[in-house]
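Structures incoming, each one as structure tokens.
The two complexes that follow have chain A in common; it is paired with chain B in the first and with chain C in the second.
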Partner chain A sequence: MDVVVQLLHPSVLVPWMLAMLFGIFAGATPGLTATMATALIVPISYYMSPVAGLAMIIGATFTAIFAGDIPATFLRIPGTPASSAAILDGFEMNRRGKGGFALTLDLLCSSIGGLIGVAILIMVAPPLARIALRFSSAEYFWLGLFGLSMSAVVSKGNTFRGIIAAAFGLLISTVGMDVTTGHPRFTFGQLELLSGVGFIPAMIGLFGLSEVLKLASDPATLNVPSITQSAKISLLGALPAIWRHKITVIRSALIGTFTGSLPGAGADIAAWVAYGVSKKASREPEKFGSGSEEGVIAPTSANNAGLAGAWIPALVFGIPGDAVTAIVVGAMLMYGLRPGPLIFEQSREIVDSIFMIAVVTQILLIGAGLLGIRAFSRILRLPRNAVMVIVLLFSAVGSFALENSFFDIYVMIAFGIIGFYMEKNDVPLPPLILGLILGPMVERNLRVGLVRTHGDFLPFFTRPISAVLAAALFITLFGGPIWNLIKGRLKQP
Partner chain B sequence: MSNANNENTVSESTQIDRKHYGPTFPILLGALGAWTLYLSAQLPDFIQRGRQLPGPRYFPTILGIFFCVAAVVELVRYLRQRRNRTVPAPSIRQRAFAVMQDWGSHSVVLILASLIVFVPLIRYVGFIAGGIVFSALVMLRLRAKWYNAIILSVVVVLVIAVVFGMLFRVPLPRGAFGIAL
Partner chain C sequence: MSKRVLIVVVVAILLLVMSGIVWARGAPEEEVYPDRTVTIVVPWAAGGGTDRVARFWADEFQRELDTPFVVENRTGGSGAVGHSAGATAAADGYTITMVTFELATLESMGLADLTYADFEYLLQMNEDAAGVIVRSDAPWESLDELLEDIRNNPGQITFSGTAVGGVWDLARVGMLLEAGIDPDDTTWIPSEGAAPAITDLLGGHVDVITNSLPEAQSQLEAGDLRALAVMSDERNPTFPDVPTLKELGIDWSGGTWRGFSVPVGTPDAVKQVLIEAGQRIADSQRFRDFMDDAGFGIRLRLGEDYAEFVEEEHYTWQTIIREVGF
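Moving on to the complex of A and B:
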């Protein structure tokens, strides 16, 4: 009851609602992603209570993931990467004049999928946390590396380059005072670097500035407005279709939650996996890609569920499931909360608030989403060059605001250049940010574990859970290539 | 049918060109690895009760070695790719020339340069004046109409100043003229 009262307080409710509207704007504007929306909200939420800050972040991310489907359906441009699977059938339906119907289906499925994902999060997270309490340094070390390797394997682009990005993130995390001895490392005499590279400016640079630079390098799209069409929306009209495909909704939400809970996978991969499985399981697979209702329902039920699933490893182990939860983990640390199994005992009220906020957000999503569809389908949106300038200013002020430091603006610029260069070379960005977050945990647990065993690495393999995690890491990195090699040998006469 | 085939061939060749990165990436990676190893070697040992334990240099050294190995792998990949190419790869001079001629590359450089100038600018003239000048110039570069650039810049900067300056009490720079919300 206390939690409900706390959430209904204007200091929480007002920023929460505003963040949901911001999430709709950010998600539906091509060039602004859910990750960027979260990154831009964190500096603002710094000035609020942890519950208000988390409400803003949760509200913005879930709505942004849905809103990404709006331009995907109207313009064949996904607003966020998690909406790329929604393009296929949603846009085809729009071409047949059923864009409004596709988006209504999409909105309701996002909400139902999100609710299923959050329900699983509420059921699974506390018992999993009790198991996690038995973990020692060795297990946390392998778990951190497993999370990094998963993010490298499932990220778009080259896997090896994903591992390079993760290692680069680990290297950046070593900047500052050494975790054990307090000796400064790689600070080059800069006092600002003694506490490490600022996570928020680094993240804003990687996801905000680099995206602006990418768009600026393509002159053809600069004056293009985002959306110019209008759409008819009927919630009641969409319900029979959802009832007809209820199995697809539930199956896709379960797939989305499971995929999202794998460290590094995220909502975009969850949507594609759900789309692929639904196509295989469908009685009419030939209709997929040509405006099928199931083709709209499957990815949209999965992407919001995937986001809920990504919260499972983030809350239980402190290991983010994707780039959005990586930022969330960083933000929680900033609020003085330490995600991990102990949070369920030490900050139970915060955990209950997170669960409650996530559930209510799925319901409020319908209202916010309808508003978003109407607004974006009627009004001629801002041209992309205007959006880019807004992002640039928010990035600069957001980086400055946290510590009132001009140095952080330069950090943001440096990471913007790094992100731009990395993306040009097919090096995925999420592993870098995960490396930056998980770096201190991986290094501390490796070194503490080695100090305990007097430098002997064998116990890292002989403890049962440790051995399982090490095996999982090996399979993740080398399972695919070894399997391909065996298949190639078997095919040879 | 032949048109479709031509389209496929064109898209495949474009993909090969896009995937061809040149030697810069492995070279940078190797330099990062060597630099990390050099800086790690300057860090002190961690000795307790006469026993050498993993200290500040332990983890960065592992990462430095990894970057050096990764650079070799990337270099081998690049050399193999170059050998398998049917169309000769553009030289570094040709690439540099293409970048220098490209409008998009100019924009990227100009945005970065103006962001770097933005910091001392807002320190001197304050956030509101500096922000308006910065965003108007960037919008003009990004082919916005001049009146749109000015109106939008004023509105956006004022909104940000209200949100951050008044709502969240962030001390946005006032500059020499002392203008701030």
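Moving on to the complex of A and C:
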């Protein structure tokens, strides 16, 4: 009970609320990520109590991850990397004038997904963290490959071109320093390329700028407002849809929490995996990619749950599960707390506060999120040519903001042009993004894994968790066709 | 308003504006440093260890010198991007750089055409020595036993801690060379930093990590991990039971460090202002508390001392990098 009283004190509640509003702003602004929001909050939090600081960080990050879906749905620019899967069905819904509905659905599922993730964090953090420890290169390799296999799933039936796009993404992801030797690859002496092609500027260009180019090439569409009807927001209206897809919500949240709890994978990968699995499991997979409710629900349930999952290793071992918790672990040291095996005994009340804050944040998120959706949907009442100017501005500022680098603006423009021509030739963009996100994970873990085994491939198949993951991948890829083959044989007498 | 009045007004305004420009141009000669925002370039990401130290100092400098100090993170290329940006900034004292250990290795690793000579040095405030850390249930009770095992079973023991050619990798190489062991008799598993390396060690996927002791403090205190040695000249006061390599007969110390630098050609008066303010900050209890809480080792070197130290580092690491041929 003390915990609750402490949380309701104005010295905690006020910064908490402000941080959530800041989270909406940071998440909805492309180039400002949840990680950056945390990094900006931490120095301020040193002047407050640890509980207030943690409330600000937790409040800001969960709202930011949701808010990333707002520009993804309205403008097709993911606000954070974790929202890159939201451009698929959310934006399609918006195109049909149902953007408000898509985001309401998105918001509620964010909150529910977050709650499920936090519940798992509270109940089974230690055992789950122990499983996460057993993941090494081989396991991450299969997980990454599993994610890459989603390329086929998100190709809208155009598998061949999807594979070309994914391969192009993989190629781009090899730019930068080689992981096992430390040598620069494909950098042409450019310092900025040493750390690889910036994923966020590339993503903003591919989706945001390319959309501007597309509209600019068809001037007839420019003068009409983006949405003819007002973006209707009705919480109650979204509930039946969520009830219809409750299994999708729960499954995605579980996938999200587990993926998030792995130190080598985060909310962005969680969202894609949940999307792919939901499509495979769906009764109407053909609707995915053209404005399916499940396609909106799955990634958003997973990414907020993934954020909660990242706290699992952070609290249990003091090992951050993602970039946000990496900063949090540092901040907690400054508060005089040492996350790790002993924190549950030494600072039980702080752990309880974190749990409580995380639960309440999911509920407050609905209010903050609605505010964000309303504020943002005003932009869409403007004529489309004005909206496109805003998109351009957002794209440039967002690309620059991440690393204070003009180079990233050029990257953004280059990928905008690439994205425009790819879409013109019916090459799907999402596989390219998958290749970019997962390329480093797959390559790195394959090569580091081979260093571990002195070049032997066998352990990739014989390590227990590895074997399960490999089998799961095999079944997803070939299970359907093989099953059909067997069924076909049986039917023929 | 008649035309003539208008002309008079316009001319008057023009004169005023021009005199304003002349006045503003003339001003710098009497200017007191600093009179506008100073940027601290940090070559590492927001939220990381270096960033935290830099932001603490930005706050303190701001208090001391009554001018805004802002942190700008210029990440990428193992620190190459930020260090280069800092070295090539205007040498007027309004851009200072938080340089780190990597400055001593960028050139030898072939990452950037940049060395210690591209900076002038204000002060160093931190140094964290590499450790030799194993799981508590590991078979080696001492460093000697570990090294003996490596000699007897070359190629079997895996080390981790950071990327290939990163500080903890090079510290390992230095230790092994000094102990008369071929570094290739151990395997370095690249990792993206301390956290994944510790995960790998806890999960049993590597045998030894050479991260600094504070980086693994919670696991060391909880008894999950054990430190066999620390690669510094003196023992770490937080871990008084961990012997130094020198005590164990291996003449080697190595680790990471952080400090402030300015571009070559920065006026001496400006450097003096910053060094004096920095010295006051370093003497404060607040600074000591900050470093203790965050688990950073304090090491203070000023001006020339610091410059000599970085030059020394350059040659130490260059030798090691050439020896193993990264």
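Throughout what follows, the second predicted complex is superposed on the first by the 273 of 493 C-alpha atoms of A that agree within 3 Å, B and C clash if a C-alpha of one lies under 4 Å from a C-alpha of the other, contacts with A are read in each partner's own complex, and residues count from 1 in each chain.
Convention: a contact is a pair of C-beta atoms (placed from the backbone, for glycine too) under 8 Å apart; a residue touches a chain by one contact, two chains touch by 3 or more.
Keep in mind it's a predicted model, so treat the numbers as computed, not measured.
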| item | value |
| --- | --- |
| Partner chain in contact with A:191 - chain B first, chain C second, else both or neither | second |
| Which of chain B and chain C A:446 touches, first, second, both or neither | first |
| Which superposed partner A:474 touches (first chain B, second chain C, both, neither) | neither |
| Touched partner set for A:180, first chain B, second chain C, both or neither | both |
| Which of chain B and chain C A:457 touches, first, second, both or neither | neither |
| Which superposed partner A:483 touches (first chain B, second chain C, both, neither) | neither |
| Which superposed partner A:326 touches (first chain B, second chain C, both, neither) | second |
| First (chain B), second (chain C), both or neither touched by A:404 | both |
| On chain A, the residue positions that both chain B and chain C contact, one per complex | 180-181, 183, 404, 451, 454 |
| Chain B residues touching chain A - in the complex, by the definition given at the top | 19, 21, 25, 29, 32, 36, 39, 43-44, 46, 51-56, 58-60, 63, 66-67, 70, 73, 102-105, 107-108, 111-112, 115-116, 118-119, 123, 127, 131, 134-135, 138-139, 142-144, 148, 152-153, 156-157, 160, 163-164, 168-172 |
| Sites on chain A touched by chain B in the complex | 44, 47, 160, 163-164, 167-168, 170-171, 174, 178, 180-181, 183, 185-186, 209, 212-213, 216-219, 222-223, 383, 385-386, 388-390, 392-394, 396-397, 400-401, 404, 406, 409-410, 413, 416-417, 420, 425-426, 443, 446-447, 450-451, 454-455 |
| Chain A partner contacts - residues on chain C that touch it in the complex | 45-49, 51-52, 55, 59, 72-78, 80-81, 84, 109-112, 155, 158, 163-165, 187-190, 195-196, 198-200, 202-203, 205-206, 217-219, 221-222, 224, 290, 293-295, 326 |
| Residue numbers on chain A that touch chain C, as the complex places them | 35-36, 38-40, 42-43, 132-137, 177, 179-184, 191-195, 263-264, 313, 317-320, 323, 326-327, 329-330, 333-334, 336, 338-342, 403-405, 448, 451-452, 454 |
